[in-house]
Each structure stands twice: as structure tokens, then as C-alpha cells.
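Consider the two complexes below, in which subunit A is the common component and subunit B and subunit C are the respective partners.
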Partner chain A sequence: MEQKYKKVAYYPGCALEGTGHSYNRSTKEVGKALGLDLVEVENWNCCGAMEVKNIDPKIQTYLSSRVMSIAANEMGFDTVMAPCNGCYHNLKKAEYDLGQDAETAEVVERLSTKAGHETYKAGQIETIHALDWIKDSLGEEGIRQRVKGGLKGLKVANYYGCMYTRPRHIFPEKDKGPGSESTLKPHYMDDLLAAAGAENVDFPLKTACCGGAHTLSDSDTSTRLVLNILRAAEASGAEVIATECPTCHSGLEMHQIRAEKKLGEKTGVKIVYFTQLLGLALGLGARQVGIHENVSDSLGFLKQKGIA
Partner chain B sequence: MPIHEKSLIRPENLKTSGESLVIDGIDVSGHWSTFIQSRVVRDYDESMEQEIAALPGGEYIHRCWQCGSCTNSCTVNAINPDFNPRYWIYLIRMGMKDELLRDKDIVWQCVSCNKCTYACPRDVVPEGVMKATAHWLELKGHTAKSHSTVFDEIFSGQVIATGKIEEGRILRGFFRRTGQVLMQDWVVELVRRMIRHIPVGLLMRMGMANVLRPRTRGWGRARAALEEYVHEQEARHRKALGLDHPAE
Partner chain C sequence: MRPLAEIATAIDVAGRSPDAVAGATELLGLGEAVLEHWLAAHDDVPTAGAREGFRLLALHRQGAGGEPSFNACRETCRELVFHYNLITLDAAHADTARRLAMMAMVAMHLYLFISGKLESAKLGEFCCSSRPVRANAG
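After this line comes the complex of A and B, so read on.
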């Protein structure tokens, strides 16, 4: 199969340089193992995360557009890959707003000119998620061929969160029938991990919200939302929750502990990035994909399963 | 999930008959002899909808046809039935400010999950309306700045200043400004579990990020342009809300 995204611009974003370090690391390692090249966007800036839009959505659009402008205009890429749901969402939203709203385009042009770089124009670059990157480049068959060891029937709940599918209108390529990603019942992560030998459980809260936007400013709400997710995963028979976003991932880790300390609610399900699971299935070492950096201690468990 | 609607049958609106109310020789006292006092609403705030529509996110509030899909799908509504986007949009469009102010301290709790935006058949973007309403309440002085707004300000301030953020700095700034103790028991536990396996190199790198703030090179001009834009917008919003005295 031809590798659709053989070489793409890579936008890790701020979280992957901090709490999401092991996501950054495992994404790069998996890329290497699969023969996919990542070229980091030069001198990138924050996309605005979930906060800047609350001050002004157009600033967020500008911030995201600058990243796309560098990747497209200065580096000549037609695809930029962002593994963080927040970055991915914001770049997609900027793309949509710039194409649909003349006022936004005018503000972004003004800010870009003053900041001294080329203005990003809608349609110059395609933003994809790490899931698209792997799935569309190799397909399930490609993964199956490269698996060494595999996930040995590990029971996984695939958790996609909010920003990967909502709101629908900023993801025009989704919901296009068989084969495309679904915004209601996303399945790309399920497909990849199944191809790597996992047994996906029937998990009802794939796109539920973990309260990430208020993880610190309204911790009690976030703890309750996360606890719902953890409990539902356990009730579905999952041993592991696979994540695809550093905010979701650290939110689940943090509030798993907070639920234990504040509410006396202990849950044992492990929280692991999907790229870490994929890496292990491809025969990479546990350290190589940063399993030891996760807060929910899964190393012993994965070893016992014969996966790590 | 059923849609919870707020009842206007509140204690202060009730008229109870007392022990023995006898009408035409019939004793009508008892639990059913309870009437809602008629209410006349005179205090419509006709500018409220326009003001909220003038803030970012509120633009499409006029499209709402009250179907209730937003409330029905809402993450926060599921854990607190008083959090009701459809109802608030109704109150705002009717200009029923006093009713809205009863819920002033929970509007900010919207977690931006966009389930409402996904479900809304009229593209109202209720998530945006929640943000605009929360800001309106703060700007008008009906509520103090929520923890969420404080966090947004610290975060955005750092992005505008340097182009990037550093999580540790944001965290400490937030706990300081909201007067919370940083080392709460669960934070201690989190850190304890985090550093159990983390290699020294990474810890040092995370420590260094505190000293050498990560920043985007040549950000100065972007910073100046963004700061100018923010001031411009702040002035615009204050004007739209009829606030003449300058921001504190």
C-alpha cells in the first residue's frame, strides 16, 4: 500500500513538551518503526489550547494560522500532523473559520502582517491527527504485517474525548460513509489497536468529556466526569484505556488519583497512549515509548501480560 | 435523558391557606389549597440579548428556537440539572435578568465539550453563548471573575507574551491568584507517582523549563500586534455593554 503520509510536518504543541512527553516520544518512535517521517514545524507557537478562545476566538485562530503558515509557506508542506486533540481541533477550526468568515480572515491578515509573516490562506494545508497519519498511511493490513509480539488480546477501552469529533462542521472529511472516521462513533483507534492484537471492549463513553477545560478551575466537576469514564471502562471489562490526547490523558491520570483521595473511589484501569500500545505491539521497548513516564503504573501489568 | 425544567413554583411564589380555609362552608385547607401567586414581570432588560450577542460566542443567540437539544446533550447538565443552556437562552432573549441572575454562579461551569454545538439544529453554538454569558455576568459586575476566567487570563497572557506556555508556571500562577494551596494531598500524591519512574534527565529538563521559559523566537512583533488587538476588543466590548469607566 502506498504510504499516503510518508513525510509530513509535525506540530507537537506545548503539552507534548511538558506533561505529554511520553506521547511525543512514542509518536516519534512509532513513526520511525513504521518508516514515516516527521519534520517538526520550525519555531512554532502555542495554538491557543482551550483557553485563548475564551479571551477572543480570533486570537486563537491567528495563533493556529501562524503554525500552518510556517508549515505551508516556509517549509513547503501540504500536510501538518498534530497528535494533541487540542492542537488538531484548533488548526481544523482555524481552517474552517478562515474559509467561512471574512471578518476572521481580515483580522488574521492584519495580525500576520503586523507580526511580519505571510498570512495563512484557507486550503493551503491539510491538518491531520496522529490517528489519520498512521491509519491512512498503513491501513490495518500494514499494521498487521509489521506487528511483532502484538497486544495479545489486551482488553482496551478506546477513549477519543471531545475535541477530535466536535463540533462536526470543522471536520468535513469525517462522516463520509464506510472507511471514513465517524464523529458519533469514532473507530480509527479501535481499528489500529485491533490490528495490533488488542481486544476492544464495547465502551459507551468514547466521546464523553473529561472536563479537561476546567481540570484545575473546577476540579470537583472534572473528578466526577473522569470517574464516570473510569468506571464505565471497568464495567465494560477494559484493563486499559487508550488515549489520543495529552489533556485527556493527564486529566484521567490526575483525577483517578483525586477521586481516590477525595471521594475514596479507587479504580485500577490503566491509562496508556495509543501510540505507546502500538509501539509495544511493533516490538519497541517499554522505555522507548515512555511507559515509565505514565502516572498510572502500567509497566508491571504490561510485563505480566507479556506485552512489554 | 429527560430534560429538567425549572419550576416557577418556589416557596416565595406560593400562597398557602393556613390552617383552616373555609370557602362556602367547605374546608379547602390542606396541601392542594396552594396557589402560585400571580406574578407580573415588569423588569425586562431589553438590552441583555444585544449585549450578550456583542461578546465573542454570543453572535448567533437569536437563532435559537428552544428545541432543548443543547440541554438534553449537555455534560454539565447531567451532573447538575440547574445548568440549563436552553433555559438561559430563553431568559436572555426575553430579557428576564433577575431569573438569569439566580444561576449566575454556575454559568461559567460549561466545560466546552461542544455536545450542544454538535446537537443544535440552528447553529446557535450554545457553547459560545455560555462563554459570552459568563463574561457578561463578570463585566457587568454581577459575579466576581471565576477561577476559569482567571486561568484563561494567566494562560492567554503567557501565550501572548512569549508565544508558548510552560505548564508549571501556569499552575503556580493560578494557585497563587486564586489563593489555593498548591500542595494539596492529591497533588502531592500525583507528583509522588509521577517522579517514581521518571528519568533524571527529563526531570531536569522540566526543571529547566521553569528557568529558561520556552518561547517562540522573534515573537516581539506578534506580541505587540496581539496586545493592541486585545485592547481594541476590550474597549469595543465595554462600549457595547455601556460600561464607561475604564477596566480595572
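After this line comes the complex of A and C, so read on.
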């Protein structure tokens, strides 16, 4: 039987070409190490993120649908993987809206025709997150078999952010009982990192808002929200916060520094992408997974723990 | 209604309460008070009803009506209830003090999230007319 998600279309999205560069690097390296193929969507565009959505949600739906149309109609894929929570959320939302709202489908058809590409139709492609990609292709046992050094009891708080599971109705594949991802208490990152040897701590703010939307309009609120997440992670016993979204990751890193400078509140917990941790567990080098590109300096700590 | 700024201070105090059950009860009530602010700012009358046995969850459900982004605090509310249950159902547990401190952090997150949203939307205590009062109180 062919392995699930062995070869998928890869939609990195804008953030992974900028602040989330190390997430892009580590995702690709982990894919290679696990024997999973990523083929980048050709000539992709922004998913519409928050900016376009705020102006006109239907244009955001069109932008996301164009990415899915290229992957499905021009490249022949039935699965597109988006590691960014914002992109993942927007593609899922576009999929839902196109299937439910005739007016949206009509606007997308009109814009697609004008832009000169085939219109994306709901159901042509499945959008998955990087967590689904690894968890559903290899599972924990597959990770255990491939782990080399492992994470050796590293205490990790897994932070999923607020867009990975919300709103529930755009993720029909979740909450399907044992084995499926939960929108109330997501666990895929916990499962993968535990399989790699990490010790996951109970972390009550794993899906709490990091204040990403306030970052520009009200930085102080964002800093206080992030500081609360960092403190809660430390109080839970975590040495590292594992992330799976470039926006959350940057927010945690930047506001950790800002909290110290502006509020005099220093926290020592490290912030690392789950793909970086997984890569290290698989025996990849720290530079290979871009640890040096993170703002949060974790290299010394990871070396001390014997992980990097 | 208790002013939002007072709620933040009260969360800190309740999280250090020597009586964990009283502290947890206070934190649950403070969570409800934060949600009441959100509803009042939207000209809604906060429900007296309960959902899954908790008014906090009913208030959250009421507040999320027509505002999907408000669901970003859904699990924060549920974690608050979870910690309340942990503490009140087994107050003699060795982890109770730690659980109470964690519950205070969860309550603080709810406070920061909702007060941030109110401030962004210039609602409630953050509307133009009340801003000087709030600034002077700070």
C-alpha cells in the first residue's frame, strides 16, 4: 500500500520566506530525513492572511483558492501541505466557503477567469498542516524507528496557537475519535515530540492567543499575553516551548525580548520550532535545521542537553 | 461591575490565597466578571444560566455569538474550569498550590485577551469618554 502523504504539494507561504526561514529550512530537512517529498507550489501567492481578509473576505478566499488551483489543476496534486497556521487556516476556510457559499464561489470563478487560470472547486484537494503530514504519514512508531540521538527527556511545552483548530467547522477531519486531532486539546505535536524522546509538560495555554493580531496596534497587550504564556510554560516545568506557526513563534521570540526590556520581566524558556526539535532527534545538525537563525538563542542550551 | 483594572490585581491576590478552594472560587468568579465586561460593552445582559454546570462557560458561549474570533479564548475558559475542578475536588493534593498559581495565570490570560479586544475595539472602559477616568485611576 502506498504511504500516505509520501509526496505532497508544499505551500510555505510568505512568513516562511522571511521571519520563519528556519521553519522552512527545518521542514524541508525533516522531510528529506523521513523520506517524504515536498514539491513547492509553483508561482504561489499570499493566502490573503489577515490584511486582505479584513478588507474583503471573498478576495482572501480567491487568493487561497488560486494556490489550491495551481497545486490541483496545474501540478496534479491531491494534497497541499501548509506549515503556517495562518495559511493552513485560510486554505481550509476557503475550502469550506467554496463548498457552502454560492456567492463566494461565483466571485472566485469570476476572478479566476479574469486571472486566466482554472477555477478551484471545493473538494479537489486536501489541505494539511505540517503536523498532519508527519503524524499521518509515519506515526509515532515511524518516528521512534528513525530517531537517532533523541530529545532525551527534554521538557517541552507544546504551543499550537489559536488558529490551528479554530473555527471547528472548517476542520471536518478533526475530532473523529481516537487517533484524530482534537480541536479542544490538540496533541499531534505532543505525540511526535514524545516519540522523539521529549517529556511533554501539562501546559494549559497551548491554544491561547499570543496577541499576534495586536502586535502592531497594541504591542503592550501582545507583550503581556506572551509574557503570561512564557511564565505559564516555565511554571509547568518546560525548558522549551515548541511551536508550529511562524507568526506565533516570532511573537513569542520578539515579545520575550520586549518583556525584558520594557517590563523588566526576564524569562529563560527557549522557543524552538517542532520541526527543528524533530530534526535534531533524527540526527540532523543544528545548522541544518536553522537553530542559528532563531532569535531565541537555544544553541548553547541544546548542546548542554546533548541534543545539538 | 468591578472595574477591569481591579480584576487584574484581584487575580494576582487570589492566585496566592492560602485557602486554595476560596482562591479557585474567586478566580472562577473573576473570569465571569471579565466576560461580563465583554457582554456589557456589547449591550448584552450577561446570562445567569450555566453550561456544563458552569456560568463561565455559558457567558463565553454568549459572548462568542456573532464574533468568531472570540472563540480564541474558548479553551482558556475551559482550562479555568478544569483547574477549578482539580483544586476543589481534591484540595488536599500535593500539587494544589501549584495548580492555583497556574489557574491564576489562565485567568490572567482571559483578562488580557478580553481587555485587549475591548481596547482595540474602543469599547467598555476603553471608550473615548471613559479613557481619562481609567488613566487617572491607573
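Simple rule for what comes next: the second predicted complex is superposed on the first by the 306 of 308 C-alpha atoms of A that agree within 3 Å, B and C clash if a C-alpha of one lies under 4 Å from a C-alpha of the other, contacts with A are read in each partner's own complex, and residues count from 1 in each chain.
Criterion: a contact is a pair of C-beta atoms (placed from the backbone, for glycine too) under 8 Å apart; a residue touches a chain by one contact, two chains touch by 3 or more.
Everything numeric in this text was worked out from a predicted model, so none of it was measured.
After superposition on subunit A, the partners subunit B and subunit C collide with one another. Using the contact criterion defined above for the overlaid structures, shared-chain residue A:Arg231 touches subunit C, although it does not reach subunit B.
Contact with subunit C, but none with subunit B, is seen for A:Pro204 once the two complexes are overlaid on the shared chain. When the two complexes are overlaid on their common chain A, residue A:Met50 makes contact with subunit B while staying clear of subunit C. Touch criterion not met for A:Gly177: it reaches neither subunit B nor subunit C. Measured by the number of subunit A residues touched, the leading partner among subunit B and subunit C is B. Using the contact criterion defined above for the overlaid structures, shared-chain residue A:Asp218 touches subunit B and also reaches subunit C.
Of the candidate stretches 23-31, 41-49 or 77-85 in subunit B, only 77-85 runs into subunit C once the two complexes are overlaid on chain A. Residues 162, 166-167, 208-209, 211, 213-214, 217-218, 221-222, 224-225 of subunit A contact both subunit B in one complex and subunit C in the other. Only residues 56-57, 75-76, 79, 109, 111-115, 117-118, 125, 128, 131, 135, 146-153, 155-156, 159-160, 163-168, 171, 174, 178, 185-186, 189-190, 193-194, 196-199, 202, 206, 209, 214, 216-219, 221-222, 224-226, 228-230, 233 of subunit B touch subunit A when the two sit together in their complex. Here subunit A touches subunit B in the complex through residues 14-15, 17-19, 21, 43-46, 48-59, 62-63, 66, 107, 110-111, 114-116, 162, 165-168, 183, 208-209, 211-214, 216-218, 221-222, 224-225, 253-254, 257-258, 260-262, 292-293, 295-297, 299, going by the rule given at the top. The residues of subunit C lying in touch with subunit A in their complex are 68-69, 71-76, 78-79, 82-83, 98, 101-102, 105-106, 108-109, 112-113, 115-116, 119-120. By the touch criterion stated above, subunit A contacts subunit C in their complex at residues 162, 166-167, 184-185, 204-209, 211, 213-214, 217-218, 221-222, 224-225, 228-229, 231-232, 235-236.
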